[in-house]
Each structure stands twice: as C-alpha cells, then as structure tokens.
Amino acid sequence: MDCRIIKSPGENTLAILNRRKGSKEELGTPDAVGLVQGKLIEMICATDVAEKAVGVTIEDIRGSCPQNMILLAIFGDTASVTAAIEEIKRREKNGQW
Amino acid sequence: MDCRIIKSPGENTLAILNRRKGSKEELGTPDAVGLVQGKLIEMICATDVAEKAVGVTIEDIRGSCPQNMILLAIFGDTASVTAAIEEIKRREKNGQW
Amino acid sequence: MDCRIIKSPGENTLAILNRRKGSKEELGTPDAVGLVQGKLIEMICATDVAEKAVGVTIEDIRGSCPQNMILLAIFGDTASVTAAIEEIKRREKNGQW
Amino acid sequence: MDCRIIKSPGENTLAILNRRKGSKEELGTPDAVGLVQGKLIEMICATDVAEKAVGVTIEDIRGSCPQNMILLAIFGDTASVTAAIEEIKRREKNGQW
Amino acid sequence: MDCRIIKSPGENTLAILNRRKGSKEELGTPDAVGLVQGKLIEMICATDVAEKAVGVTIEDIRGSCPQNMILLAIFGDTASVTAAIEEIKRREKNGQW
Amino acid sequence: MDCRIIKSPGENTLAILNRRKGSKEELGTPDAVGLVQGKLIEMICATDVAEKAVGVTIEDIRGSCPQNMILLAIFGDTASVTAAIEEIKRREKNGQW
C-alpha cells in the first residue's frame, strides 16, 4: 500500500478528487487529505480502520478503470489525517487485518 | 486468494461494499464481513463453498474495472463468517475444487 | 487454462453466473457446472470442443472487465460436464487446436 | 501473435463471435474460422494481409475489455482460411510489416 | 514505441480504424497508413511531431479498453507517412521530447 | 513518473487532449504543455504541486481505460510550465510527498 498526505490541498486537487469519488456529497475545504492506494481488499480494510479513527471523513476515489484498485481519500485536520494514516500503516505492518 | 475478516464493520466500509455489490438488496449491519479476493474462476468456487456454509450471506463486489477479479463479501455473525472463510482456505489448500 | 467442476451448485453461485453471462436465457438448476478460464482465443476453441460434446449447455461469463479473458461455463449432468472438461484438457495437452 | 483454426465451428462458437464482433452484419455458417490474437497494431497489419487474401471475410472481435488487444476472426472455406493464416504467420516471421 | 506502415490499406483495415477513431470525420482512401503504439504520454508527443510534418492527417485509435495506450494512425501519401514515422523514430531515439 | 514538455503544441495534439480531459472548459492555445504520467496517487500529489506554481492551468487526461493511471496536462507559457515540471521532479526526487 502507498500512503501520502497533502497539506492545504489546492482547488484543482480537490476538483480531481471530487470528480472521481463514490459518494455524491460535495467536499468542503479540508486542512489535509490522506491518500492510500492498494488492492481492493486492502482498501476496504483500510477504510474500516480509518473510519474508526477520530475526526476524519472517508471517500473512495476511482481511477477511470482502476481494475481491482481504488484510492482511499481521508479528509480532516492535519493531526487527525496523520493519525489515521499512521494507524493504517501500523495495522498493515503488524498484519492486524 | 487473499482472505480477510472485518469485525463490526463501520458505516463507510459497508457503504463502499453496498455501492459495488452485484445484487440490489440493501445490507443490514452484520457482525462481521469476510472478504475473499482472487481470480474469477476461484471466486465462483469460493461462493459455492461459502453458500453451503451455515448462517452467512454472500455478495460479489466489483472494483470499478476488476478485470477477471471480483471480491467476495461474506456477511454474518463472527463465528459463521470465520467458519466459512476457514472452509474456503481448507478447500483451496487441499485442492478440493 | 484453468478448469474446475462444481457439483450441485448453490443458488448464489448460479445467481453470479446468471448476472454475468452473454446470452439472456435463464439457467435452470443444473447438476454440475464446469468452468474454464483462459485467453479469449483459447476460450473460443474450448467452446467449440464443448459444444460438440453431448448433453451440455455453454455460456460465456464476463468478469466486469476481463481484458482478453472470459470464463466459459458448461452446464449439464455431472457425467456430461466431466466428459466435456476432460476433452478440453486432452485437446489442449495434445495441441489439437 | 497466437493463431488457431476451427473447422466446422458449432452454433455456440459462432454465437460468441457474433455477440462480440465490430460490424453488424450477421455471420452465415462458414466452413472454418481462423483466429489471430495479438497487440492492436499487429492485428491491424494482420487484417490488411488477410483481406488481400482470396475468399475470406474478416471481423474484429472484442473481449469485454481487451485493453489493446483485439481478436481477428477470418471466415471462409478451410483452404482459404488456412492460406490467410499461413500468410499472416509468414509475414510476421519475416518482419514484413 | 512500435511503428508500422501499411501501403494501400484494404477496405476492412480502414473500416476497423474508422470504427475506433476519436474524431468523427470519415476517412478517405489514403495511399498509406502509419501506425504508432505506445504509452499515452508518448503518443501525445508523437502526435505533435506528426502534425508538424507535411501532407499527413492524424487520428487517435482506441482499442476497446486500451488502458493508457492509444494507437496513432497517420494517413497520407506513402512518402509523407514514411517521413513522419521516421521523424517520430528519430526524436524518440535522440530523446528530443 | 514520466514528464515531458511540448512547445507550441499543434491543433491535433490539443484536440486529443481536449477530447480526454476531465473538465469541460475549452482549452485556448497555450504556449506549452507539460505532461506527467504516473500512478493515480502520484498524479494527485503532482496536481497539488503544480497548482501551487504560478501561471499554469491543470487538467487530468483520461486514456480510454487508464487503470489507476491518469495523465496530468499543465498548460501555460513555456517558462511557467517548465518551472512547474521542475518542481514536480524535485519533490519526487526528494520524497517530499
């Protein structure tokens, strides 16, 4: 799994995420966006970890034809996004899913 | 084949599964979700094993464009889901399909 | 090519096959299902072998986006499905296509 | 490139080809079908070789999502189809495209 | 990148290109067709080289689902198409894009 | 990640980009186009870097079915596009995302 954090994401960056996300709710202007990319089965486990974290919103992002891959976007303040990403990495490393 | 079990899956996790499943019946709030990912031919055999197990419901989950891959989601109480996943692993290991 | 046989396929297994098959005729409840997965060119040759066998019905099954792969499903009584699968394996082994 | 010839193709085999071909003209019942599978650029060159051969009809066949792959189907009497396939193989071997 | 030139392309060859091209203008009957296949980023650079060449028309050709691949078709008289293809090869070799 | 710059892009090149871009705004005739191709997660980070650069416009470009790949196109005067591309390369090299 690849994990990245974008602080103060710009307008175009949010527009690309908005055009490709699964739900239809408009994004606001989050402080930070965490991104996680991997196999579908890993992404669903990562979603579950992230949504049990505090203070973040989660969206699945489609590539145009992302095979069995989706991208997970985690929105929130920088500390919460960082904490969620750290928890995902910790679980993956320890094989706790 | 990759196999995972999520206990007490959160709301977003179920929403992602709901948006991508083959049937149109709404999921309830299962105790656990078992996930199995592999080649289409393996998934169909795993479906057959899982549905002959007791106390679980089965759905095939699409990635946006999962080539010959689908993800199998097995819903039910934790013990039943675990038993179904164990049976799938046992069959695969013994080449019984 | 991968070949598998499912005896007395369950309801969900048949539902997944029904949702993904090329023709629009409803499947009944066959005794057995033979599955063959490989490259498109191989699948078309396997179709031709299977349909010259006795007592089986054939369907091509789509993954959501199976590149050049399709899955061939062969329905019928267990003996006929087994015979068709054996003939496909024999032809492939002997390079008779 | 993979090349195969099916003699006296059965009804299901022709039905699968019919469902996936590019043009809308119905196929008759040809004596033989030649199949060629490779990269898109090779298939277009093979099409050009085949249609300059005598006594054959050509169709491009889609897998459900065949990336940059299409399958070329060459219909006609057995001798003509064999001659067209041989010419395609000869050109590829000699790098004459 | 793969590059090929077809001289006096036949009717079926042009029909396959016509069915898959990006623009809606009907092709005439060009003397020659140059084909270039590579990654999307390379194809866009090759398009720019080709359209600055003299006497050729350019089309992007889709495979059914060509991932990040498109095929570039360059139409014109044999000398112009050959010159355009040579310029594309020269640029790629010299890393001039 | 692959990065390229096209100076004074031609009409066909812009037409191909126009047909495949995510937003619906018509492109003008930019002095230069910068292209960046990589994994979806990298592209979103590159978008954020590019849009914090001065004097450029950004579009995501779809291949027909680009899996988890998109192509980023950066439009503007030659100096601005070059600066944005350099910043993207620098960040990637230093692992600053």
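All chains are identified by letter, namely A, B, C, D, E and F, in their written order; residue positions are counted from 1 within each chain.
Here is the rule we go by: a contact is a pair of C-beta atoms (placed from the backbone, for glycine too) under 8 Å apart; a residue touches a chain by one contact, two chains touch by 3 or more.
Which chain is which protein? Per UniProt: A, B, C, D, E, F = BMC circularly permuted domain-containing protein.
Bear in mind the structure is a predicted one, so any value in this text is a computation, not a measurement.
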Interface residue identity across copies chain B, chain C - same or different by half: different
Inter-centroid spacing, chain F versus chain E (mean Cα positions, whole Å): 23
Chain B-chain E separation of Cα centroids, rounded to whole Å: 45
Multi-chain contact residues (two or more partners), chain B: 63, 65-67, 69
Chain contact graph, described as a line, ring, star, complete graph or other shape: ring
Neighbour-by-neighbour ring order, given that chain B leads and chain C comes next: B, C, D, E, F, A
Interfacial residue positions of chain D with respect to chain E in the complex: 22-23, 39-41, 44-45, 47-48, 50-52, 58, 60, 62-63, 65-70, 97
Footprint of chain D on chain E - complex, ascending: 2, 4, 6, 9-13, 15-17, 19, 35, 37, 61, 63-67, 69, 71
